[in-house]
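Chain naming follows the written order as A, B, C, D, E, F, G, H, I, J, K and L, and within any one chain the residues start at number 1.
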Amino acid sequence: MKILVIHGPNLQLLGAREPELYGRASLEEINSSLGEIAQREKVTIEVFQSNHEGEIVDAIGRALGLVDGILINPAAYTHTSVALRDAILSVKIPTVEVHLSNIYAREEFRHTSLIAPVAVGQVSGFGPRSYCLGLEALIYLLRDRLHARH
Amino acid sequence: MKILVIHGPNLQLLGAREPELYGRASLEEINSSLGEIAQREKVTIEVFQSNHEGEIVDAIGRALGLVDGILINPAAYTHTSVALRDAILSVKIPTVEVHLSNIYAREEFRHTSLIAPVAVGQVSGFGPRSYCLGLEALIYLLRDRLHARH
Amino acid sequence: MKILVIHGPNLQLLGAREPELYGRASLEEINSSLGEIAQREKVTIEVFQSNHEGEIVDAIGRALGLVDGILINPAAYTHTSVALRDAILSVKIPTVEVHLSNIYAREEFRHTSLIAPVAVGQVSGFGPRSYCLGLEALIYLLRDRLHARH
Amino acid sequence: MKILVIHGPNLQLLGAREPELYGRASLEEINSSLGEIAQREKVTIEVFQSNHEGEIVDAIGRALGLVDGILINPAAYTHTSVALRDAILSVKIPTVEVHLSNIYAREEFRHTSLIAPVAVGQVSGFGPRSYCLGLEALIYLLRDRLHARH
Amino acid sequence: MKILVIHGPNLQLLGAREPELYGRASLEEINSSLGEIAQREKVTIEVFQSNHEGEIVDAIGRALGLVDGILINPAAYTHTSVALRDAILSVKIPTVEVHLSNIYAREEFRHTSLIAPVAVGQVSGFGPRSYCLGLEALIYLLRDRLHARH
Amino acid sequence: MKILVIHGPNLQLLGAREPELYGRASLEEINSSLGEIAQREKVTIEVFQSNHEGEIVDAIGRALGLVDGILINPAAYTHTSVALRDAILSVKIPTVEVHLSNIYAREEFRHTSLIAPVAVGQVSGFGPRSYCLGLEALIYLLRDRLHARH
Amino acid sequence: MKILVIHGPNLQLLGAREPELYGRASLEEINSSLGEIAQREKVTIEVFQSNHEGEIVDAIGRALGLVDGILINPAAYTHTSVALRDAILSVKIPTVEVHLSNIYAREEFRHTSLIAPVAVGQVSGFGPRSYCLGLEALIYLLRDRLHARH
Amino acid sequence: MKILVIHGPNLQLLGAREPELYGRASLEEINSSLGEIAQREKVTIEVFQSNHEGEIVDAIGRALGLVDGILINPAAYTHTSVALRDAILSVKIPTVEVHLSNIYAREEFRHTSLIAPVAVGQVSGFGPRSYCLGLEALIYLLRDRLHARH
Amino acid sequence: MKILVIHGPNLQLLGAREPELYGRASLEEINSSLGEIAQREKVTIEVFQSNHEGEIVDAIGRALGLVDGILINPAAYTHTSVALRDAILSVKIPTVEVHLSNIYAREEFRHTSLIAPVAVGQVSGFGPRSYCLGLEALIYLLRDRLHARH
Amino acid sequence: MKILVIHGPNLQLLGAREPELYGRASLEEINSSLGEIAQREKVTIEVFQSNHEGEIVDAIGRALGLVDGILINPAAYTHTSVALRDAILSVKIPTVEVHLSNIYAREEFRHTSLIAPVAVGQVSGFGPRSYCLGLEALIYLLRDRLHARH
Amino acid sequence: MKILVIHGPNLQLLGAREPELYGRASLEEINSSLGEIAQREKVTIEVFQSNHEGEIVDAIGRALGLVDGILINPAAYTHTSVALRDAILSVKIPTVEVHLSNIYAREEFRHTSLIAPVAVGQVSGFGPRSYCLGLEALIYLLRDRLHARH
Amino acid sequence: MKILVIHGPNLQLLGAREPELYGRASLEEINSSLGEIAQREKVTIEVFQSNHEGEIVDAIGRALGLVDGILINPAAYTHTSVALRDAILSVKIPTVEVHLSNIYAREEFRHTSLIAPVAVGQVSGFGPRSYCLGLEALIYLLRDRLHARH
């Protein structure tokens, strides 16, 4: 079982960036927590960060047939990227959307997600733990579907 | 550590109600899964279901000073209850909002949550597992805050 | 064949309440007219009035498996209750929505019904006779469906 | 007592047109059911179908002083015709609006009726039976008003 | 002269609840201040608090013919309850609406009151004193109307 | 100089129709007043009434090259007819829009005119005199343009 | 019979100001045309121009009991002045609104008039002649009302 | 294979009407180009122009069972005719929508098409050539469907 | 303690103006009632009425450092004056907003107050008594703040 | 004559991606069809696909002075890219917009195109044939303009 | 070269007024900085402050033919004054709009400027320096236009 | 002191692109003017142009700790890029936003800037000089903050 983890724009600055909003953990620390879960659950994860909408769309397109699930924090592209939404729709890979902060307690334009309607589910507001919960949710879900098929 | 679990309107019908949307698990089965997590994590949970907005508001008011965290699936009241929002604001108990289905893939009026801005975080779309992930997220969060105070 | 008749909030005041808008018939007189139709058509009706959204949701939930059709005047909850809509959706019992007054000739916020999209049909504007027409429509409809199944 | 029955645009195709939405009864069958009710209730009905907004407005104008009530399914003109609304306002003949399908369970633009605020009442969602219920409602209403005048 | 005082949802927590927004006075202290005014002005007051929309609607319905005026802080139901609005409309008892905080300096959704159009007047923003000013306004108003009738 | 006078839908009922809103003058009386002005000003007028959007569009199309100005009371089509607007745009004949009643003091949907932006000017609210003022305005305007060309 | 003619803001610049939009006639020329009509019709006119909303409101207030009709080109205040609207409402003097240009063929925010709903009628789009037509309409209207009273 | 070509309101003026927007070709020239394509492609076309919404709806209704495809330039009715949309929905004949001008580069109200959601596809902005491209697209499409059925 | 009382536009007409809406008391009578309260409460009041937005803004600016509280009925400027709002914000003098009529039971545009969010509180709907209640509320409030500072 | 063909985001997946919506043809097959038309019509085409908004903007900028026309399927960027719109505006190269699916029969946010107002015309809903029709339309158009210049 | 500097409402309070938002500089200090720039650049400036919309409109009207450019901080009138916008449009004097604070980081209603579309350009957010930058920009611009004319 | 100058999408075409809107200066000429100011003011500038949202976000992220201020013309991304806004928010480097044209005099969608609320200030409408004024404003601002810290 292989899972693609995608970190959207500005997440390379995590820890340095607005710690009162996003927490003090760096992206490396988050990736390392995800790695531990992956190892424990015996799944492979591939981690990818980009500030480029196009590169994220490329990555999702390349994942077709190679990846079983996607864990994505679309960050700013949550609210503006139809291309990202179409990419997820096109490859039909089960996708879980996570957010570090509670986007519903922030500016109005952050309350609408173009990704949510094409994702399986969302986890938001728990800081780095949103990723861990999201990964676990995704793994359980993929296993359920696997079992359902047998 | 004591956690109040609130199931909103129509959730007493779970399993019987639109299983293609909400899954086949009954509320009892969900409560029993939550009980196992509570036992494992050595926290006490109190479970409460009501179709009455007023009873849920009563319950949150009574929880003041007695409960450390609230796990709530506000169901239909997510979109209409300012009273529920005010109750959570009033008691200032950390609250996690969960939904069985992906509310962002349903009717437009279900995309707005009056509860989300006053909750710590949300988990939605994973069926009964949304509750389990939400409970774990809440326990971790309460422990973090406990540690931070010492 | 059993039909649950639900009168929403403030309908206990009927006759006393704004007679120029709702007519002079009391709720008892309406119920008695409905009883005559029921007797003539050989169906059982159970009548229920409540000002509590939660009690109406409870009643619909309890009706699951016991009732063949619902005749409802949701009154004020027509415009605000997602819980009531979800209850009807959950039990999947054919429901007819009636209104005493022509809600489209009143304030703007009364033009939108949260119940209409989940009801089979609506009758509005004919005063107490809206209930009678609605009950007849519901009985015919249930008989058609019964025949279609054989 | 004379009643003008008006069938709006595309209703000449009834039965042939989207039977899963509008049922299999043809316009002739509906007219024949209405004729039976009229005979039973000893009222005269005049039936009129047109796809032309202008012809319907002409017909309503000509009805002034000759007709006691109007039963209308304005179909598509429900949502777009101010001319039709003004015609009903002008002649001040009591008018009942009927719809075959539940227009509130269809596209957003079908939820607004320009006719509803000037009609006495509405019946919708019961297929051909919407017409029958509407005709009965109209006859009762005209008799009530007749009695009230004496 | 008898006046019904209604405290809406979450007001049982007053004093404990967000004192920086609602002040430190408890509901008992407010009721006691109202009692002093009532005694001084020689009117009877009956005080009622509920978190249940339905119970408040029940109370207003029961007041018909027994109560001369209503003083209400509808709290959260200000913005969501058509049932409460209809109850006030139905009993036609002069009603004064009060708010502890300045609702116009808070979230957008608190700027709209469903109750205001059916109330005689409003007092808001003066903390517990909003109640006292509202009660005095209501008593003067009822006396004026009494005088006008003689 | 030839002027086409167009009366829109339901204006055949003038005098009979809502006299408190539109006055007691019949369409014949208005036409006769217009005839007197025409005779006095030595212009020819052609009068046309129709309830059919298409017939009005036909008439405007036929006027191309034969008529110097159009005086129109588009009535209900004011608010709904893009076809009428396009007809006026197509033939490029100077057009004056008149209304009997003050459309800005009526329902919201009557405040928007699709015709106004393609008309030279508007006269509204003066009953039958709106027509007379509009015709005089149109004649003066056509003479000005005639003079300007010489 | 006395009529108050009010010219709103920036109209002192007429002729100098955007002649392609407002024509080349100066305010003096317009006033002189109005004077000729007044003399012919044997009414008194008082002319007033101000760029100050407050001065126009003052003038309307002072007119109470002294003036029979108001002819106003509210210019920019058409779209923004509730104070002007309230002044006209308060004095209840019949008011005719005129505009030089066709405001419906200009920017969106010029399509809404706060004055129109409280005016008797409007004349717009005929340049200086809008004033002349408006004055004549007002005089006829006042005479009709005078006759109606006898 | 038979195709019905429908030209909407004001298109009879083509060539004469706003040539800078719609080009200099007359409707006859367009029909003759379409005739050449039809002959070349061995299909029959029937051409129809009307300014009447009702006549276009009639024509579509009559086409049921006799025509294989519809090529329509709904012109002004694009933006206002639910009746036309319902007619196309009712007969279920594959329909291609064409426009001479680029409607998206014109007034806001022309950006919404009521016809587009029920058409197979659209061609717009290429002047008379929009018709030719649309006819070719329709013929290819009908042939594809024919082949698919065999 | 000095309080500035501001009466906004058209209030000089009080008593004369729409008595059915604003009551029969003149501004002088209101000022005299306010004077009695001031004398009883041993505060100085300065009364000011203007129809000019600019004069009211001037007056508030001059009050800086000289006045302890402002009692204002902004009348029409309630809904349109950002300048008035900014003046109150700038001088930071506690301000109470009063209205004679219940603005929430009138036209939609009167439901929004630009002043409310910068005022301490509002009293509306009690006719001239709104001023008296507002003045009392302001005096109590200023005394509370004075006490709090000691 | 040289034409730049641009395929927007996710079109590299064509055939694999949602075939029920976009058809089974791969991008290579579409390009090969376009190549055949180009050869037949003796024009050069250059084909370009990218998921990167920036790369498409780069390509259009580079085309300035080198390319005679642009055929573009902006896909998801249709609805979100002002940069793409500005690029087309900047280089002033005639551009035809094509879509495989009928975007007007899909989600609301797909009904608005930022590109349409700056394109010459659109072809949508015909699957891969949209490209072929669009290329032919573009070639004819460029030839017309070439002829018009001679 | 002569430049009119206009300070809008409440700016007389500058320095005293909300210094955390508008800085500590008084209007005199700003005027003195502007005077220095004017002297250095050999232009004449005339400075004007008013809280009265009408006085500002008067001043702009009087400037016609006497002033080469206008530097304006419209303050609150930015968002509400069509009269000010029309004055600038009427005199056609190049106008630069400045704001002390970043109006886009404040309340929603401050994001819309009625003045911006008729100004040459804007400078905002730099405190008193916004004026200096705006004056320099205006001088350069007027010189460019002067040169361009020779 | 080091300043990063960012030119957004399509600005590489400056001079060639719509000179009537953006002027005839090329990007090189603008950069060279900025260089002169930098040299005069003894600051270092680094210039960067990209059509890629992602590259601009990358550049801002890399600037963290290395750059004292950002001067940005976000061009098309002004209106669509939440990622760019988040980048500026993340690095907390003072940012000045400039525009060549007056964006408020163009299409509606250009009136909203996602960048403005997170920038210090804006300069727009002065062509290339917007950049020079913006750079000077930024340098002064950074010096002020530097002084304030000592």
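The rule is short, and it goes like this: a contact is a pair of C-beta atoms (placed from the backbone, for glycine too) under 8 Å apart; a residue touches a chain by one contact, two chains touch by 3 or more.
Source: prediction; values computed, not measured.
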Chains contacting each of chain J and chain K, listed by label: L
Mutual neighbours - chains that touch chain E and chain F alike: none
Same or different residue numbers at the chain K/chain L copy interface, by half rule: same
CA centroid of chain A to CA centroid of chain B, Å: 23
Centroid distance [mean C-alpha coordinates] between chain H and chain B, Å: 55
Mean-CA-position distance for chain E and chain B (Å): 32
Chain E residues counted as touching two or more neighbouring chains: 52-55, 80
Interchain contacts (touch definition) - all pairs: A-B, A-J, A-L, B-C, B-E, C-D, C-E, D-F, D-H, E-I, F-G, F-H, G-I, G-K, H-J, I-K, J-L, K-L
Chain K residues touching chain I - in the complex, by the definition given at the top: 8-10, 12-13, 16-18, 50-55, 75-77, 79-80, 109-110
Complex interface listing, chain D residues touching chain F: 52-55, 57-58, 61, 64, 80-83, 85-87, 89-92, 114
Of chain B, residues touching chain A in the complex: 102, 104-105, 111-113, 116-126, 129-130, 133, 136-137, 140-141
